[in-house]
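Same chain, two partners: chain A is paired with chain B first, then with chain C.
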Partner chain A sequence: MRNAWVIAQREIASYFAAPMFWILAGGFMAFSGFLFWLYINQPTPPQADMLPLLQVYGTILLFITPLLAMRLLAEEQRAGRLEVLMTAPINDWQLVFGKWLAAFVMFTVLIVLTLFHVGIMHRLAEKGVAPGPTFAAYVGLILLGAALLAIGVLTSSMTESQVVAGFLGIMVIMVLFFLSIVKQMPFGESGLGAAVAYLGLSDHYYKFGQGVVDTRDIVYFLSLTFGSLFLATRMLETRRWR
Partner chain B sequence: MTRSSDRSSNGTREVMVEVDRLTRYYGPVPAINDVSFRAYRGEIVGFLGPNGAGKTTTMRMLTGYLPPSSGTARIAGHDIVSDSMAARRVIGYLPESTPLYTDMTVFAYLRFMARLRHVPDAAEAAERVMRRVSIDHRADDLIGQLSKGLKQRVGIAQALVHDPALIILDEPTIGLDPRQILEVRGLIRELRGDHTIILSTHILPEAQQVCDRVLIINRGRIVAEDETQNLTARLQGGPRIRVAVPADLDAATVSAALSAVAGVDTVAAAGDGVYAVTAVAGANPSPDLAETVVGRGWPLMELTPVSATLEDIFLELTAEEPAPIGDDTADDTTDMEEEHA
Partner chain C sequence: MREQLKAYAPYISVFGLVVLLAGAVAPRLAQQSGATAPEWLGTALLVAGAVLALAWPLLRPEDVAAVFGTRQVRYGGNALVLVAAVLAILVALNFLSTRRYRAWDLTTNKQFTVSRQTVQILNDLQQPVALTAILGAGDGETDSLERLLDQYKAETDKLTYTRIDPQLDLPELLGLAQRLNLGQNVPGKALVAESGGRHAIVYSFDEQAVTEVIVKASRARDKTVVFLTGHGEHDIAGGGTTGRGYASVKQGLEREGYTVTSQSLSAVTTTLTADAVVIAGPQQPYQPEEAALLADYVEGGGALLLMLDPGGESGLEPVLLPWEIRPHGDLVLQSNALFGVTEAAVAVVNQDYQFHSITKDLERFETRLVGTQSIGVGTPVTTAMQVSKLIEVGGNAGSVVWGEKDLAGLQNGQAQADPTDEQPPLTLAVAGEGGEGYGRVVVFGTSNLAADGILQRLGQAANYDLMLNAVNWLTTDEDLISIRPTEPDSRPISPPQSPTLLLLVTAVLVPLAIFGIAAWIWWRRR
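And now, the complex of A and B:
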């Protein structure tokens, strides 16, 4: 864990020093802020309900997280630094986990910033914001981000090109997100259709958005996170055999 | 120079690196085939060989980046296959491309590398190593802004920061300008004694200047291994002498006259009145050559003994058909290993 944290610390400093994070953070804050403004200025006065809004924030993450993660391993490979890291006395898992952890910390900063919106909403609404469902929605956002970043780390481990890693990440995430649609198809009721639909991200995520924290969904997101990071570790390992 | 006397007076020097029949295949082709050698504490060993000979592959196996297909090596007693983490801890490694984080300052980068290497006081270690490679005046500059020579020093510094028993430098002077090359070679020589150093190079004078011992690698095998000066002496054969007379003298006449001198093996006209004379081993025909030339009434412009350089040896050993020499040296290598054992 100490090794992973050394990797993560360096990476976090690097995020703050590079324009990419500021562009993504600025873009995310501007866009989510604009949506929030639209939401509270609806012709019919808004209910003190953050949930629809937080769901929309979640969909923005589908695009932001691969961009946040694409650099992590691809750039190390391109610059040849992976050789230095992989000959240091740390194992491949610690390296991959450390990289992911850095992106996760940066992502959490972004999510924490949206708490401003919750605060404003709480002031505006007569009864205030219901804490339980809002908390559930945030748990969903954090778990979604963790899994999406892990997928980003995985695609970043596959190529030396940040651009390829980023595009691949967005594509994989899109497919995974909309996999749940399968169940609306004619064969969706069959066992296989249901199984495929279960793998889809969106249903699991939207349940949090409805204020429901279900252990099965938590297990789903954690499996996706650690599964992707495990595969990324194996991807790095294959470099040793090429 | 002092090294070799060390060695003969003290046969029980501590073995730092023990490479045992290391082999690595890329597909069906062996990049490194059955390589064995040792390196001792405080010694600078050079891997010398043409590009693609397997130098980098060998280094990558020693550092734990590539697993060997068969065979193994022990670094300070730690097996690189079964105890990789312990072996990695005692190694400092600079890959050929000098990969650095260009967006970090020199100090921050070295502190990061020290932490990664579990150095207790990383900041102090970074300060110390910056002074050691004389980069401390640029501590707070971004690495991306440094010249190539200074970047190379940072690269060497990161390989030193945890005070490793073994430092592995892959082509440490490649891509530098002549002044920077001298600086880096000087730096490597300064490290001599404290650490065992393995470096690779395809520049022959570099191996001659910097290394105590040279392993010549070609096509994945060690074709020669010896102390630098022995290697030069060994393949020299008979002494060579360069004789120069005025260019207008008939080459055939001069060649014939020189060939007739006792102790001369071959004479080759090199043009412009210069003749390359090879003597029979053990003979020194120089006085007789001078007498012959002067006796004929020819002005003697030059008479110089020529010593074979590592370059000659290298070219001889790595030539396309190295069969006879390769066999010889393979025997020699075995002899040397028996000596060590």
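And now, the complex of A and C:
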């Protein structure tokens, strides 16, 4: 764990030192800020409810997270640093986990920035923002981000090209996000249909958005995160014997 | 011979795999196509296939050793086994999590938590109840209903649930319609409960409706609704060409499992025993002793639906007095400034419906109240009685409503809002509940609400649903009434004093500050 944290610290420092993260954060805040302004300025006074906005922010993050994660392992492979790292006294899991942890910290920074909107909304509403549902929605957003970043790390471990890793990540995330649609198809009622629909990200995420924290959804997101990181570790491992 | 077999071993094994596949698929294909095949055929093919498939590894073990001896295959095999094992553990974990789980409803009003009353009713169920939802997978209600039923099923094992998609499962839908004697009246969206040869239907999917349909299907007898006669009320047999009849409503109530009859109060010797009594537009006033009988009925826990037309005394004032419900006797007119039309019909939409079990699902639909009077609501005589407004109209952009008191002048074509008339907002329907025996009343300012003629004329208006909702609410068991629909937590935002400043701060200044950091980093690195 200590080794993973050392890797994460190094990555976090490089994120902060490169303009890429700040451009992403600025773009995200510009877009989400505009959406927030649109929401507040509806013709009929809206409710002090961050849930609709957080669901849209979640959709934006589907595209941002692969961009955050795409360089993590792909860049190391391209620059030939991976071989050096593999000779260091750390194992593949520590390397993968450390990289993911760094991206997750940066993602959390992005999410914390949106608390600025919650603060404004809280001031504009006489009764303030309901704390329970807002907390649940943020828990959902953090878990979603953790899983999406893990998928990003996995695709980043598959290729030396950042662009390919990012594109692949977005594709995988899109497929996973819309898998829930399967249950609306003719075979969706079957056992296989239900199992495939269960793999869909959106249903699990939207439940948090309603203000409900359910252990099923937590287990799903943690499984997806761990499963992706585990596969990424195995992908790195193949370099030792390929 | 052995050498020959050895030479052909790979081909024999491939053939064996084909036979194995045939053994797995053939019985299922035969079953699907309706063909008859011996039961042993599948097993025989599987065994034969397995034996043939083993020919290569058994006859030429050196080939297998050569393949599996390579470094890549050894490490790859290990990795594959490890990945399969971890994935299997994750799948098992998720499967177990769907069997035993816990959910925390963090909404302010606990919108996704079933009430104590529902839990009690589910725990008291004596026999199995089969719920069937007529809903498409894409319908908005499907997810919330199934999530709600998850909580129900956690409380009892006597509940089963199936969903019939009206587009995809036509045979099942027709079977259900036949079983319930629905004839041509198959609803597009409904929840049906069946238990011990009885059934009940509701058309909402919230907790109150779901618990209600379970209670209705599992109770010992049908509920009775009595339409009173003898004072010129609407007839449940239909009013012929006059349209003054409630035959459509009678049929609708019977479809929902009610026994509907008509009765004259003169035939009642001691007390009324119906689950709900309906008085639809009496044209002659009730006598004081009749009103006293009805007042006793309500006070003792009865349920009364009054539909009183404008003008004239109904003689039922003593029944309504304790509730402080006073029909004004006026005629509500709506004047449209744009078209210069004034008519005695009020379109009830959106915010005109007040939040109540009877009206909660009608928000998106229009009800037209033709020839209605307004109703005054005061404070009931005891705090144990509670009166709620169901419909309140205040006019909208381009239209004005008022309660015309000069009915004689109106007959001469003089319709004008003046200070002596009832001023908006005007209450057009109210519901009261409570008192010593927990009685219930619903009062509408018109008997035209769901009369046959009006329903024919208005077509898609929600008058019929409003009427049935009112009867359903009146006949609901007391413990169900206390399961109130959870009102969404309302926290309106006051518009910002300067929207431009807000836009500047949220969408321009904050992002610019972040972009500034990016520029600074780029400049420093340069």
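Here is the rule we use: the second predicted complex is superposed on the first by the 242 of 242 C-alpha atoms of A that agree within 3 Å, B and C clash if a C-alpha of one lies under 4 Å from a C-alpha of the other, contacts with A are read in each partner's own complex, and residues count from 1 in each chain.
Please note the rule applied: a residue touches a chain if its C-beta (ideal position, glycine included) is under 8 Å from a C-beta of that chain, and two chains touch if they have at least 3 such contacts.
The structure presented is a predicted model; accordingly, all values stated were derived computationally and were not measured.
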Overlay on chain A: chain C relative to chain B, clash or fit: fit
Contacts of A:29 with chain B and chain C, given as first, second, both or neither: second
Which of chain B and chain C A:119 touches, first, second, both or neither: neither
Partner chain(s) touched by A:18 [first = chain B, second = chain C, both, neither]: both
When both partners are placed on the shared chain, which of chain B and chain C touches more of chain A: C
First (chain B), second (chain C), both or neither touched by A:10: first
Touched partner set for A:79, first chain B, second chain C, both or neither: first
Touched partner set for A:52, first chain B, second chain C, both or neither: neither
First (chain B), second (chain C), both or neither touched by A:136: second
Computed vertex angle (chain A) for partners chain B and chain C, CA, steps of 10°: 160
Nearest Cα pair across chain B and chain C, whole Å: 6
Interface residues of chain A shared between complexes with chain B and chain C: 17-18, 240-241
Chain B residues within the chain A interface of the complex: 60, 63-67, 85-86, 88-89, 91, 93, 95, 97, 99-101, 103-104, 108, 112-113, 115-118, 158
Chain A - residues contacting chain C, complex: 17-19, 22-23, 25-27, 29-30, 33-34, 36-37, 40-41, 45-49, 113, 116-117, 120-121, 124-130, 132-133, 135-136, 183-186, 188-189, 198, 203, 210-216, 219-220, 223, 226-227, 230-231, 234, 237-238, 240-242
Residues on chain A engaged by chain B in the complex (per definition of touch): 3, 6-7, 10, 13-14, 17-18, 79-81, 83-91, 240-241
Sites on chain C touched by chain A in the complex: 71-72, 75-76, 79, 82-83, 86-87, 90, 93-94, 97-98, 101-108, 111-112, 136-138, 143, 163, 168, 489-496, 499, 502-503, 506-508, 510-512, 514-515, 517-519, 521-522, 525
